[in-house]
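Here come two complexes built around chain A, the first alongside chain B, the second alongside chain C.
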Partner chain A sequence: MNADIARLAARTLLGQRRTLLVVLLALVPVLVATVFRLAAGADADPGLFTARDLLAGLVVTTVLPLVTLIFATGAFGQDIEDGTIVYLLATPVPRREMVLTRVLVAWAAALVVLLPSTLLAGAIAIESADPAIVLGFLVGVAAGAFIYTAAFTWLSIATGRALVAGLLYVFLWEGTLSGLFSGIRFLSIRQYTNGIAGAFFDLPGDAWSPRLGPGTAFLLAALAAAFLLSLAVRRLERWQLGESA
Partner chain B sequence: MSPPAPPAIELRGVSRWYGNVVAVNDVSFEVGPGVTGLLGPNGAGKSTILHMAAGFLRPSAGEVRILGEPAWRNPGIYRRLGLVPEREAVYGFLTGRQFVELAARLHRLPDPGAAAARAIARVDMAAAADRPCGGYSKGMKQRIKIAAALVHDPQVLILDEPFNGADPRQRLHLMDLLRRMAAEGRTILYSSHILEEVERLADTVLVMVAGRLAASGDYRQIRALMTDRPHAFTVRSSDDRALAGRLLAEPAITGIAFEDGHLEVRATALLAAARALPVAAREAGVTLYEVRPTDESLERVFAYLVRR
Partner chain C sequence: MPGPDARAGAIYDLGYRAYDGPRLGRAAAVLALYTFTLRGAFGIGRRTSAKVVPVTVTAFAYIPAIVQLGIAALLGSRIEIIAPWNYLGYSEVPVALFCAGVAPEIFGRDLRYRTLSLYFSRALQRTDYALAKTAAFVTALAVLTLGPLLLLAIGNGLASDDLPGYLADHWRELPQSLAAGLTIAFVAGCGSLAIAAHTPRRAYATVGVAAWFLITLPLAGILVAIGGEIGRFAAWFSPFDLLYGTALAIFGRTPGADSIQGRADLPLGTYPLLAAAHAAVAALLILRRFRQVQA
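What follows is the complex of A and B.
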């Protein structure tokens, strides 16, 4: 972790207009939870709604990847786009230190938005159901945010069109294919997130259950994070001036 | 006896291509202490050479070394190398001092504040150092970038078009700064497409044309090659035929052709021809309407060097 690079990354992220978009995005689950609380019928199951529809369905499937996409592609993307990356790279600071610092800053920024959103939305919708559902998704979202951040940081170094590539990945791979083909669950950050969250609670019957067991999800999440971080470091070590301009 | 010190910058058989486009073709040279100008028209491959020398671009073939170490994928070289990129972007939200101090801290200097203050003073930016970089003029951005590149006192400094955007006073100041740094024994390599900038500053020049090294060495010798080449003028007058007859008697004139409504005059020496033309016109009783050099562009000068 490099404090100077961290401060610079934080100021770059805070100065971007897209940060406002992220805050608006984080309000969506809170609004949905409020509508559920006010308008749900007497037969509605708050525990099932909170786990399956609100947190796994909306937060993990849409809000989590979009928030991390916006923060992580901003971590290096802005510097590469305007050429200021040269001032960092023309120093002896190890590239792994640069990548790790920027990933941690983007992850922290994502958590500042995602955790309150998850907590607040869950607290509003859960009523008398098991509060461990919310706790599970807080842990799952934190872990999923780290892997997504590593993935999108790598993407922002690898291509000048990281935002578009990231959106395609989120909607095609995570949003569509990982739900259609069960084999993809081993290569899906969404499924790792749900698997980790599922370690903290049980819903009655087959109402909703993660596609990966907690142990497998933790192991695959750790492997994916390590692999994606090493990819990002390797890509930055080989980054060439003008290639992403 | 200890082995000789390696050259500060060394390129051996270096080529760089992008798909089918060859940007740099089999270039070899060594650069030692002093100021060396990398000269060439736009698109000649100057920036590609500098990016490879600074370790920011992998050569497709050949080898680039800085002070004996490979330039590519070797962040350690930046302890002894400073780079001033061509793009003017700086962190607009940082003040000039914060920007230079950031560079000092990233180089892990023991006293970043003092090192930044020294570098800022060297580029004459102390008065504006506490203003945000976003409000700087092009010339000020250029100088603060140079301060950031100098902050760790590098042995080798590479600058890509450093005088772009600088006003004449700033230009003179920067030239003086680079001269002083060279006098301290540093190696300075900078690119320019403006002949006069190189003429006024560089001891040695490298001339790039279409991706190849067209000439290298002492500037005065190369300048002599340039002035020895034949020159061509387009001349319009009140009586082209009478003027041509008189001009043929001038030793400096080597050929005359009648083109569509004007004369194409070729001469061995630029100054001699410039003196001969009005004299010949007056003696022939002819009025000159237009005298225009037809091939004085840098590209033509460089093309001439390549043909030699």
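What follows is the complex of A and C.
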């Protein structure tokens, strides 16, 4: 961690219109939960709705990746786009430290938005069902946000079109393709998130269950985080000035 | 009276010429802008890295059609899993990503680098600029929405054992495919350009367009499921649910019972109307933006 880099990164990430966009995204699940609380019929199952539709279906599939995508690609992407990355790289700070600091700041920024959104949406919709569902997804979202942040930070160092590349990964690979080829669940941050969340609660019957067991999910998540972080560090260590112009 | 000042300048003839060749005028300017925007949308004539995203995404939009034709070639054309009326269900993610990746490029550079004044100082007018660019993007998008439908229609015909009989039964699918593909391209294209035209920063435009397509999809699904009498109208405002309904209406199919259109139970004829309203609002927003923007 480097305090100066952390402070500057936090200022780039939070001081802009970007923040407004992210907050709007985070409000969507809260809104849906409120609608569910007000309008759902008597036969609705709040536990199942919270787990399957609200937290797994909306938060983990779209809100989580989009929020981390916006913050993580901003961490290096903006520096590279503006050409100010030169001044950062010219400092004697080790590049490993630059990457780790920025990943941690982007992760923290994402958590500041995602955790209240998950907690609030879950608390509104859960009613009398098992509160462990919300707890599970809080832990899952926190872990998933870290892996997504590491992945998108690496993308933002490696390519100029990190945003579109990230969208391709999230919606094509994790969305469409993983529905067709179920083996992709082992290579999908979304399934790691669901698997970790699933360790905390049990829904009756075959209503909804994560596609990865908790043990596998934890292990693969840790491996993916370490691998993506090392990729990002390696990419920045080999960064040549003038590369992105 | 003193003589002429020796230091006074003389005017030299530098040989500047006025252009007196043919002037192609407004129509040619519009056509040129259209062609070059269309080429730029797929990265033709640009560096390789600009081609990667549009070409990858376009390829993914064609895969379902190719898969269906493979099945038809091997097992006969009676097995129809991927049909023209449900094609959008398979290609919606590539279409959304094409819009998110390419739409910000259409107006983005001109807005960011203030090159609009260069366009508007020529025969091109503000409305012409907006219309030519919009038309080019809609055409580019039609490659993804209409192209696979035509491929399906033609390929299914060729794969059938009895081509004249197939044509007699299925000739309607060709004009229907044309109408559906063009409508989808027009509504999705105008909508994403309207978002992109109002957000000059590429990153925000990309996220905005992606959110318009891909957040509304699960959102409408949930609202239709739980929202009761009011929530079912959400199917009108999620672009892909709206366009899927429009395609069903054009092909004269009834939606499946567990599809969002089936559960929302809105009259199928309202989807094309709402789609037209979406496109009209989006087109007006684009035109208004370029009437007002500082060149």
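Brief remarks follow.
The rule is short, and it goes like this: the second predicted complex is superposed on the first by the 245 of 245 C-alpha atoms of A that agree within 3 Å, B and C clash if a C-alpha of one lies under 4 Å from a C-alpha of the other, contacts with A are read in each partner's own complex, and residues count from 1 in each chain.
Going forward, a residue touches a chain if its C-beta (ideal position, glycine included) is under 8 Å from a C-beta of that chain, and two chains touch if they have at least 3 such contacts.
Please read these numbers as outputs of a predicted model, since none were measured by experiment.
By the touch criterion stated above, A:84 is placed in contact with chain B alone, chain C being left untouched.
Chain A is touched at more residues by one of its partners, and among chain B and chain C that partner is C. Within the superposed three-chain model, A:49 lies in touch with chain C and out of touch with chain B [touch as defined at top]. In the superposed pair of complexes, A:161 makes contact with chain C only, with no contact to chain B. Contacts of A:97 after superposition: neither chain B nor chain C is touched. When the shared chain is aligned, no partner comes close enough to touch A:202: not chain B, not chain C. Using the contact criterion defined above for the overlaid structures, shared-chain residue A:172 touches chain C, although it does not reach chain B. On chain B, the positions that touch chain A within their shared complex are 51, 54, 56-58, 73, 75-76, 78-79, 81-83, 85, 87, 89-91, 93, 99, 102-103, 105-108, 148-149. Interface of chain A with chain B (complex): residues 2, 4-5, 8, 11-12, 15, 82-84, 86-95, 237-238, 240-242.
Looking at the complex, you find that chain C touches chain A at residues 49, 52-53, 56-57, 60, 93-94, 96-97, 100-101, 202-204, 206-208, 210-211, 214-215, 218-219, 221-223, 225-228, 230-231.
Chain A contributes residues 17-18, 21, 25, 28, 32, 35-36, 39-41, 44, 49, 53-54, 57-58, 61-63, 66, 69-70, 73-74, 77, 159-161, 163-165, 167-168, 171-172, 175-176 to its touches with chain C in the complex.
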